[in-house]
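Structure first, then comments.
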């Protein structure tokens, strides 16, 4: 034993690393293949472990509370042991839906423009800028939201819509500040622009050129070709792009947290404050260890986020993979 | 002029307006951060740690956060690199176009989509089990999980651009897959691989939600891998949360610092991509 | 002499900096089949696609010279390109069924232009019959066109092109993606309609050119070498290069 160790030290000392590098080339290759394969496999294991760990950590509360109470109760009073996620789930859904309604149309139009109309020079200028938009950290989005979007909602949009359309519950203004679902939705919309644009542009680019030519050769205009052929062909991929954008918005934390008001209530108007799930987790991590079941509840919230995002991602990625493979 | 032409013109106008709108929002964000951040930015902010009463408007700077963020993102990027490169090479060289690699890519894409707050929560749980408190190490672990899929997919796509003929030529000369991977493919794609690394670094340095639970926060510079560490995104968040306008101004300045770092990373990777096209054999 | 249906006049075409066609002047007579032949890479498809201005879909293309359709230059800035493409149809080398049903594929052109004689289903039936596909699909017109076999798809594309009632039909190696039996069916349909319209076929198969062509245009490295009636070009070529190509010595 002692001698073996000495031998190893000797060889290491000589800088030869013979234990590993003295192996024959094919053996090294096989060893590398094994190690690299295991690393690849570990990514899948990581995903499973994450689900299992979050499930195990939220088990204390899942075991004693019925699922419908957790999902549909509106009472959130951790000190009394009442954990109803409904206001938070609704907060997340409202903010995300508003974001998608704002983001999807301009993103798709931009993607079509870049893929079908823009010259290659325009594309070369615009695409890096959109990539840059994707790279801006979420706190910076949050700062922008606080400085620009919140005042804009408070001073311009809320008075205007409230005055003319206030009779519609959706546009009722009961919240004097701009920290609202709409502010969160606007900030999130800008954050998902690059996701939807990049993916749908790629999908539209992947439409076979021959298909466009077939339509054009029949005397169709470019727009007719896009409307009847290109978009119809790429529709599944475009939907997948929107779903990807949705799941990106669904889990976004800091930027939303900074502008959405964080009031645990079920919202009724786009000017109401809300408290999305990710904000709930982020805001309460400090105190969660001191209240019974609180940490299980927050881990449960993480689990909900994970599962929803996982599902949406899986669906859209499968669609996109199929499209690319057919191409 | 007929109806079809008018319809096309309207939609083309809408498309251009949308593109302008999207680019305009970028300009608006950068403009806001520069306009509000620049006046509050000074040398002391970049070179000092917070002194007593900093969060009430007294002296000091955010050096702790800048250094902390570089440590966190640097550590996580280094760790991800060690794991990502073998995975990307495996996907492209040992198992190209197999069901196995398709599934692996799907998993990685799904991992990419997982919200950072979930990585934070998961990392926090791991730390509890390992008995680590909020620290540089904890932050690095959470950020590594976040950066890993980004880096692997970036490298994967970079390596996919290497012509098959080149790989086959290397194999035909009797090189093993391993030698082909490191001596031919990695050399050929080095700038693009570096771009993937920078992209992941940028994601890491800008992320707040995953380090919130795991890295902690401190006014001091970290002295060990097990001590808590500040980060720029959280510095921005906390300073903005104070009721003092002077401190909030510093949040804007900090946001500007973070934005500048992101811009530098983005420009560098553009430059590297430019070099890629001149170096690679096609 | 009868006026030719289409004419190339001093046509020069560049892809970025590479010149694909050099000073081509030639005529395409009305009715019958004109075959454009020559070795691969000589500009056959480029010449064909200049006839309906589909070339413009390629980045970095530059066209100089004129292409006349019934005496009118189709590259004139005042010309509406969709009108040209309505008059000059295309059958591509690979079938590209549009992502819709068989019926909608054939009805696509007429619907877009909003004009057709009789009802839409009559138009679809008539053209599917002309293309020789009706018997195989009349009971499943609503199924997606992508489910047809490749040979059927190509005949569907033929029916789709004919449905807009073009004067000229361009065929870019129309059988190159097909098995011999499907290829033969396409050739039969083309011969059947050549009395009614002008057909231009690009082919690299000399035997196909022999079978189909009434007129021949021979291209060599972007230049027009020889053109004329098929029996004259095939039996007594004037140019040495044509003779060499036809006998298999070059190309």
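As written, the chains take the letters A, B and C, and residue 1 is the first residue of each chain.
Heads up, the rule we're going with is that a contact is a pair of C-beta atoms (placed from the backbone, for glycine too) under 8 Å apart; a residue touches a chain by one contact, two chains touch by 3 or more.
These figures come from a predicted structure and were not determined experimentally.
Engineer: Mapping chain-to-chain touches, which pattern fits: line, ring, star, complete or other?
Structural biologist: line
Engineer: Please find the two chains that have the most C-beta pairs touching each other.
Structural biologist: A-B
Engineer: Can you give the whole-Å distance between the Cα centres of chain A and chain B?
Structural biologist: Spacing between the chain centres: roughly 15 Å.
Engineer: Determine the centre-to-centre distance between chain B and chain C, using the mean Cα coordinates as centres, and give it in whole Å.
Structural biologist: 52
Engineer: Quick check: how many Å separate the C-alpha centres of chain A and chain C?
Structural biologist: Roughly 49 Å separates the two chain centres.
Engineer: Mind pulling the chain A residues that touch 2 or more other chains?
Structural biologist: Correct list: 221, 224.
Engineer: Given the complex with chain A, which residues does chain B contribute to the contact?
Structural biologist: 4-5, 7-8, 11-12, 14-19, 21-23, 25-26, 28-29, 32-33, 36, 83, 86-87, 89-91, 94-95, 100, 102-111, 113-118, 120-122, 124-126, 145, 148-149, 152, 176-179, 181, 199, 202-203, 205-209, 212-213, 233, 236-237, 240, 251-252, 255, 258-259, 262-263, 265-266, 270
Engineer: For a test of understanding, state which residues of chain A touch chain C in their complex under the given definition.
Structural biologist: Within the complex, chain A touches chain C at residues 120, 208-221, 224, 228-229, 232-233.
Engineer: Give the list of chain A residues in touch with chain B in this complex.
Structural biologist: Of all residues in chain A, those touching chain B are 25-26, 28-29, 32-33, 35-37, 39-40, 43-44, 46-47, 50, 53-54, 57, 105-107, 109-110, 112-114, 117-118, 126, 128-133, 135-144, 146-148, 190, 193, 197, 221-224, 244, 247-248, 250-254, 258, 278, 281-282, 285, 298-299, 302, 305-306, 309-310, 312-314, 317-318, 321.
Engineer: What part of chain C is in contact with chain A in the complex they form?
Structural biologist: Residues 52, 54, 57, 59, 82-86, 89-90, 92, 94, 96, 98-100, 108-109, 112-113, 157, 160-161, 164.
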